[in-house]
Amino acid sequence: MTVTAFSEKTAAVQRVYDRYDAMVRRLTFTRTASLSERELNAEIAPVLAAEARLLDARAFEQWQAMLSDEMQFWVPVHPDDHPAKDQALIYDDRRRLSERVTHFFDPQAWAVVAPDPLTIRQIGAVEAWDAGTEIVATAPIELLHVRRGAPVKLVGREILSLERNGAGFLITSKTLILPELALSTPHLGWII
Amino acid sequence: MTTLLSKAPDDPTRPDAVIARGPDMTDRMNHLVRDELLHRSVYTDQELFDLEMQRVFGGTWVFLAHESEIPEAGDYVRRQMGKRQILIVRTEHGEIKGLINRCTHRGTTLVPGEAGCAKRFVCPYHGWAFDLDGRIANLPVPDSYDKLYERPFDLGQVAIGERAGFIFGTLAADPIPVDDWLGAAGPWLDLHVARYPKGKMKVQRRKVVQEFAGNWKMSWDNAADGIHATFAHASYNTLGKSADTDTVLARNPAATPMVSKTLGHGHCVVDQRPGIPDGPWSTMRPLPTRDDLEESLREKGHEAKEMFDLMTGDMINLSIFPNLIFVGNQIMVPEPVAPDRTKVNFYLSMAPEAEEEVDLMRLRVDEDFLSFGTPDDFEMFERVQEGLRVDEEEWIDISRGAGAGDVVDEDGLVTGTVASEAPMRAYLAEWKRLMSKPIPTKVRRARLEDSRFMQIIKKRQMKKEKTS
Amino acid sequence: MTTLLSKAPDDPTRPDAVIARGPDMTDRMNHLVRDELLHRSVYTDQELFDLEMQRVFGGTWVFLAHESEIPEAGDYVRRQMGKRQILIVRTEHGEIKGLINRCTHRGTTLVPGEAGCAKRFVCPYHGWAFDLDGRIANLPVPDSYDKLYERPFDLGQVAIGERAGFIFGTLAADPIPVDDWLGAAGPWLDLHVARYPKGKMKVQRRKVVQEFAGNWKMSWDNAADGIHATFAHASYNTLGKSADTDTVLARNPAATPMVSKTLGHGHCVVDQRPGIPDGPWSTMRPLPTRDDLEESLREKGHEAKEMFDLMTGDMINLSIFPNLIFVGNQIMVPEPVAPDRTKVNFYLSMAPEAEEEVDLMRLRVDEDFLSFGTPDDFEMFERVQEGLRVDEEEWIDISRGAGAGDVVDEDGLVTGTVASEAPMRAYLAEWKRLMSKPIPTKVRRARLEDSRFMQIIKKRQMKKEKTS
Amino acid sequence: MTTLLSKAPDDPTRPDAVIARGPDMTDRMNHLVRDELLHRSVYTDQELFDLEMQRVFGGTWVFLAHESEIPEAGDYVRRQMGKRQILIVRTEHGEIKGLINRCTHRGTTLVPGEAGCAKRFVCPYHGWAFDLDGRIANLPVPDSYDKLYERPFDLGQVAIGERAGFIFGTLAADPIPVDDWLGAAGPWLDLHVARYPKGKMKVQRRKVVQEFAGNWKMSWDNAADGIHATFAHASYNTLGKSADTDTVLARNPAATPMVSKTLGHGHCVVDQRPGIPDGPWSTMRPLPTRDDLEESLREKGHEAKEMFDLMTGDMINLSIFPNLIFVGNQIMVPEPVAPDRTKVNFYLSMAPEAEEEVDLMRLRVDEDFLSFGTPDDFEMFERVQEGLRVDEEEWIDISRGAGAGDVVDEDGLVTGTVASEAPMRAYLAEWKRLMSKPIPTKVRRARLEDSRFMQIIKKRQMKKEKTS
Amino acid sequence: MTVTAFSEKTAAVQRVYDRYDAMVRRLTFTRTASLSERELNAEIAPVLAAEARLLDARAFEQWQAMLSDEMQFWVPVHPDDHPAKDQALIYDDRRRLSERVTHFFDPQAWAVVAPDPLTIRQIGAVEAWDAGTEIVATAPIELLHVRRGAPVKLVGREILSLERNGAGFLITSKTLILPELALSTPHLGWII
Amino acid sequence: MTVTAFSEKTAAVQRVYDRYDAMVRRLTFTRTASLSERELNAEIAPVLAAEARLLDARAFEQWQAMLSDEMQFWVPVHPDDHPAKDQALIYDDRRRLSERVTHFFDPQAWAVVAPDPLTIRQIGAVEAWDAGTEIVATAPIELLHVRRGAPVKLVGREILSLERNGAGFLITSKTLILPELALSTPHLGWII
């Protein structure tokens, strides 16, 4: 799934490709990975659960404390997409993620405030694997969004990579697969 | 038994009949759309919507696809034209056809997916096969038809027109040429493409589709509404400021030199360039991968503003009525679903002949506005639709700019400030024109003489008749 | 105060009034349904759909239930007749009644579930009680009505007819006898039941319900469409081949000796037996439990083909318009929901007097087609419905077979090849007949004289009046 | 260019035009609503529903809010009046206004949430600002309008009326005074509030909203339907009995001394007090926190029945047509969504000047009926709606009580037993009256002379014109 | 979040406030609690799963055996609500809970019988914390209700408190957060 | 719940009944089983998670490797059904399961290809019990299907039986309870 560009690459552009390829690699790995490791599952499940729970509580400060500086967040339109080839719904670096948080508290961000959205991120069974340089985890997820108009419910799967950080973990990336994006959804300005 | 082709030329059941459907709406249109006033039902009425699906999305040119989406023979994309599915296909001879995705036997859609490459189209229901140019190629058990060769089972088609790689279609029986229809918008379309290295624009395969609970014309009111950027997109501008960037939307609407221009047939353009002396790229906030990609370009020796500007839109918001809107690097195609529901297709255009960094950057640029700008637009559209539910508030004042800043040229085209509602009045005038009268339409179809299969059937049947 | 029964006999508010609802549609029907052509709106129009719910599902006989579903007194099943809920009930005297599931007080449905056994039906809202035969048995606080005994509060009913255990109902004021209506289809229905040991067929309690986004007549077009099996069910046939089985659908449509026959009143049959010399069971693929059950039967000494054939359908696809279709061991009952939405109820029929292995096998047989066949049918129906959205492609050619293989007998009934569209033309002719004119309908109801409760009330009130 | 205010007084596009919309329905109404009979389509017809949204929810007084919900200047709640969103606002001068939540520029709803406190209302789309009393306060780039000061861009408003703190609104051009409209219901409304210590009732901020798949008038049929309690709420009464409590609903409907009274204009009341000699609190089952709160009250020395009775409703079911129903401690506000869909808003009223135990108890009391009573009501409503789908059962007998227990007074108001359908006939008479004729309506709006902003604009523009 | 009433309180009324405040405290705690404890998670997850499963099986006797006598059940209309200030959809004590069960078997409880509802309570990842005097646990949940008419699906979150009881646990409270209540739902007479 | 037929049974037919009864027994057991075993839960949850994940990834070869040769798959119309008395939506043996896989790749299987469905199987909290001869496990599940037309979302519960196979497990049966089948669904040709 590695994209090869047509000319010699600079180190800078190679960094971009490397990051993208790593995202795709994690996704691909979790699709067909064999059984997850029960000890690691038990260790990682609280991280994924807390991440979802803090987002729903709009406890964004605490949530950001869970993120690595290298954090990337990808919401492809289709699970077969590659960030170097396809536009995505979201492809964020750490900076833009913090912009999202700022945005959620801007009283003029008409689409995501007044009333503030009520959300539930329903995380299902968590699976995790030690991939050597990082831990890769995945869980199915349903997102509920209640604000104005009809509630939005999206079923999908999230894939996270994590690194150990003292006794805990930092999230280094998150990919959110939402098959309904292949059809049509309301705007998803509230997703993070 | 009378076969179809033996029918009188004016028989409305002939498959090549020219028919103008629906009532004359002139009086009602004159009531609903006035110089300065617009009636709410234009956004809410089911009957008007159904008529729009025929007259606006069918009776005039409609954007369907870009030729870069079907580079090879057999390539096709499936597009919506009102409620009709149209296959835009490149034939073996490189021609572009607009086939109605509807088997001529019973009506099954031939193609279930969004895009693909085919040698022929085979209907799954009873196995009928059609060539890429729509001619019927085969049907199993042909003897089960009496005078099969007189039955025009070739696929229905729409008329196709092209400009600068953009493919338009219509069912109008006698449409004006696409270039005439584009009129003053044509050169702007050419200009849009001209900035791409070697003039090559490519539409990327993956579109984003989002919908809002409002009428499709909401996106049209918005397209050339320069002043909403300051207010509806206040939060986007705030994000820009927090990154020390003046986004293009953050101007003072009373003082900006930007202008909007109507271009005829409902088309219009908002040229934002006058307000951006430092060029498009100067308006962009920090973006994921931006540092790396800029560094890479500079390392490769690129310093020219043009190369960097190419990473984002040309700051010319061109809108071709009724369904082609250019914003940033994206082509926005509104798709009416119901009077109060609209899908918006966001296609991304790429610059395949530029340095790879350009396209890598383009992939990320418009995710920004989709995250922080589009939601606010959709929120407005839905809230306008809610507001329009009040039966007793019938009229919307759309006079802004008229007699107050608008400049009308000799062709009747209007240049206004960003606050002017001239573009709205202009597209509504075209809408009114289209909606007022039944429009003669015709389904295009290969002629019997062109179908090898039918010729064979005919010969076979003739022979049989002779021998029997 | 005028009570209901003192009204003039032609007063349309009388509960026993004979009323023919809706407009005369003869002209429009003549326009829409022609010899060889059918208009798309027949599948898409809301107004036509609403009229169908009255005239086709109400104005003629409609299949409701099988008597084996209500073996005991008090047993009932709730069925849909157009938009009406009908309770098919067995009374204490063993009669079968078709009660409208609607309390005569305010309209509450009496029964909320699909089936059950009751002594009487008591309305939950205000406690009115009705006997199994629909007569009002009691209502709390009867003194609160003036001349209660003149108010016909007995439950509304539909006329009921039976043939071979199949129960039909109608609201037509003066329906032809069920046997006349079945006509040539009657003997086929008898034949269907005759193969069951002791002539006993039993409909199993659990139905499968699936829906598709298409018009209910899609399933009707499909029911006698012999040729689609080869193409639409190609994947089913592939599965068969991979198990060295020639499924019944895998024939060459141009060469099969199977025929379709129209039977009058829209009914038809496709007799697949001529194409299956080795009998029904020979066409079945390996199935879960098949090995064990065959072994068991053989162990019990059964070798005769008939016993094994009984485990699957009779290969006679009989279709009784408008809602009774026999396929395999299943009885398919299409239930219109909206112009573009249909539920299909799949009932399973069993052979209670055969060896238990037979029914054990029947339980599994039709899960096969439901898994690998029905989805493709539904996919076709939905894709046809999509294709029919094109306003400008108005007509569908339904001439196939006419003048090209169809044989018409003295009664006007047609025998055709599997490719013939004669069955489609035949049911549409019946549809057109029913839809053209308002049909006089009447709600059946017990007469005042029959109601013991009302007689008691009357006496009581008379006495009271005398004493006061 | 003609600005709006220079239009002829009878120009229907004037924003202050008095317009009576829709057809005369007198004949159809006379057909549908009769003395003893009601036609099913009154509950099912989309066209009638649309007309109801104009004439019943707009053409007469409609309950909107209670003044305790907006105690401070700037406080507002957003309410539904038919399909219109209305902001009930308290201005800086303490007045109450009913502003149409619809920006006069393009129609955007000004307020997206249910309630709040504002200094002014600013439209998010293009930044127009409105004062709390609806006058336009500012609009960016005013020079973009020709003769802006002649354009009545002040917010539309509804007429507001009050009684006992309850706020009603209407669009009728010339409504009768609220007190006249309430008529005999007025004193009952006063009585409802009088029992609160210091006459202070407070509507608590959090409402419960539940919907049912039935027509909004179902809740109206139910509101004064005394007899349904025994049957529809049988399970609620069973729960009561199992706790040795006679719930108010558990009476014998043939023997209860409770009565229902019609009050004119469709209003009515069921006075349950005669059936409850021991007072409201005696009918309550054990409730969460009840023991503690009663203990606390007694510990504080309260023994009087009145204090305890205050913890639950006054056992007077008052209903003000079309959308204000008092049950227990709750104010039920039905909100029509579609002919077969209704939302019910349950507001809770509190007694802020009573001991805190009272309100603590009130918080829990009505959760009881919402759990065990309301679901059965909704179940009935939905099952009636299902039953009414039968086209051929056109008529519903609504005669109960007439000539059989009902007593008509000199004003035509009726007192009946709990079984009487007089309240139903009474509200339907009012419904029929409202629905029969187009009702002249008018959008209220501040006058140009009142708008400081417009005066400034006018002066500025005049000056400019003079200098130029 | 403690409500202070305007006058001196009796001990009896204070008990009411205390119970209410405790409910809100649990809810507030789980919103922003840090990572849950994996051992406790593993111990508590079977309790939440069983509770949901038994309810769906209508095994109400077994289910009631899991409840403490002090059990409280709260379904607020909005997650910011307080039981001392806001009406709720449900605020039950143990007594009313058993009434609900009785009610479900009353053949005249028209809205919840004939046919009996088919329900699924889909519990997601369970998190638990030892809060000293009690254990607090939370999980996202989706409820499906199938009976007459359209199926009802509600996504939310449940918060439970538990006390150890021999080798097992007793549930002392349950709070069900259903954001869709802030808009509108069908009647929820079947919820427990 | 054992069905007794009306005549003496052959060994062959008894085998059929036995298999059916076992399926019903597992379902019945999981409805009211007491608390699951946390160690076993941890061991089995990865199996159920992987099974769902592999199906969603269309990794059918890997998925089939998880199945016993005796594998049976049952989707009853109603949870009270018995396979010896009621038609089901699906009652598959191992053979028909592999046919389903073959079918999914037949380009003429119009209803399940072009485009291939995008699916998510959202597995919730997993519970498992050692039933002596086998392990019985259950989890709530939501299925999402995205292809043509409206997305399909079904909430239900799955019940699996497993046998140990070396260090791992083989799935010997799966039952899928989908209450919405009692009403009406689109065709479910894509379910496996």
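Quick notes
Every chain is named by a letter (A, B, C, D, E and F) in the order it is written, and numbering of its residues begins at 1.
Note that a residue touches a chain if its C-beta (ideal position, glycine included) is under 8 Å from a C-beta of that chain, and two chains touch if they have at least 3 such contacts.
No experiment lies behind these values; they were computed from the predicted model shown.
Hopping across touching chains, the smallest step count from subunit A to subunit F is 1.
Of all chains in the assembly, those touching subunit B and also subunit F are A, C. Comparing mean CA positions across the assembly, the chain most remote from subunit E is B.
Relative to subunit F, the chain whose mean Cα position lies farthest away is D. Set side by side, the interfaces C-F and C-E show unequal numbers of C-beta pairs in contact, with more at C-F. Legend: contact pairs of D-E compared by residue number with C-F, C-E or B-F; the interface matching in over half of them is C-F.
The geometric centre of subunit A is 46 Å away from that of subunit D, both derived from CA atoms. A straight line joining the Cα centres of subunit E and subunit F is 30 Å long. Residue positions 112, 124, 232, 376, 379-380 of subunit B are each in touch with at least two other chains. Counting partners per residue, subunit E has 42, 78, 108, 110, 115, 122, 124-126, 142, 148, 153, 183 as the residues that reach two or more other chains. Screening every pair of chains for touch gives A-B, A-D, A-E, A-F, B-C, B-D, B-F, C-D, C-E, C-F, D-E, E-F.
Across the interface of their complex, subunit F is touched by residues 30-38, 41-42, 78-79, 122, 124-127, 138, 140-142, 153, 155-157, 177, 179-180, 182-183 of subunit A.
Taken together, the subunit B residues at the contact with subunit A in this complex read 204-213, 232, 234-235, 238-239, 242-243, 286-289, 292-293, 295-296, 299-300, 343, 346, 348, 355-357, 360, 363-364, 366-368, 370-372, 374-376, 378-380, 382.
Considering their complex, residues 34-37, 40, 221, 225, 227-228, 230-232, 253-254, 376, 379-380, 383-384, 386-397, 399-405, 417, 419-420 of subunit B touch subunit D. For subunit E in complex with subunit C, the touching residues are 108, 110, 114-115, 148. By the touch criterion stated above, subunit E contacts subunit D in their complex at residues 5-7, 9-13, 15-16, 19, 72, 77-78, 81, 83-93, 95-96, 99-100, 102-103, 106, 108-112, 148-150, 181, 183-190.
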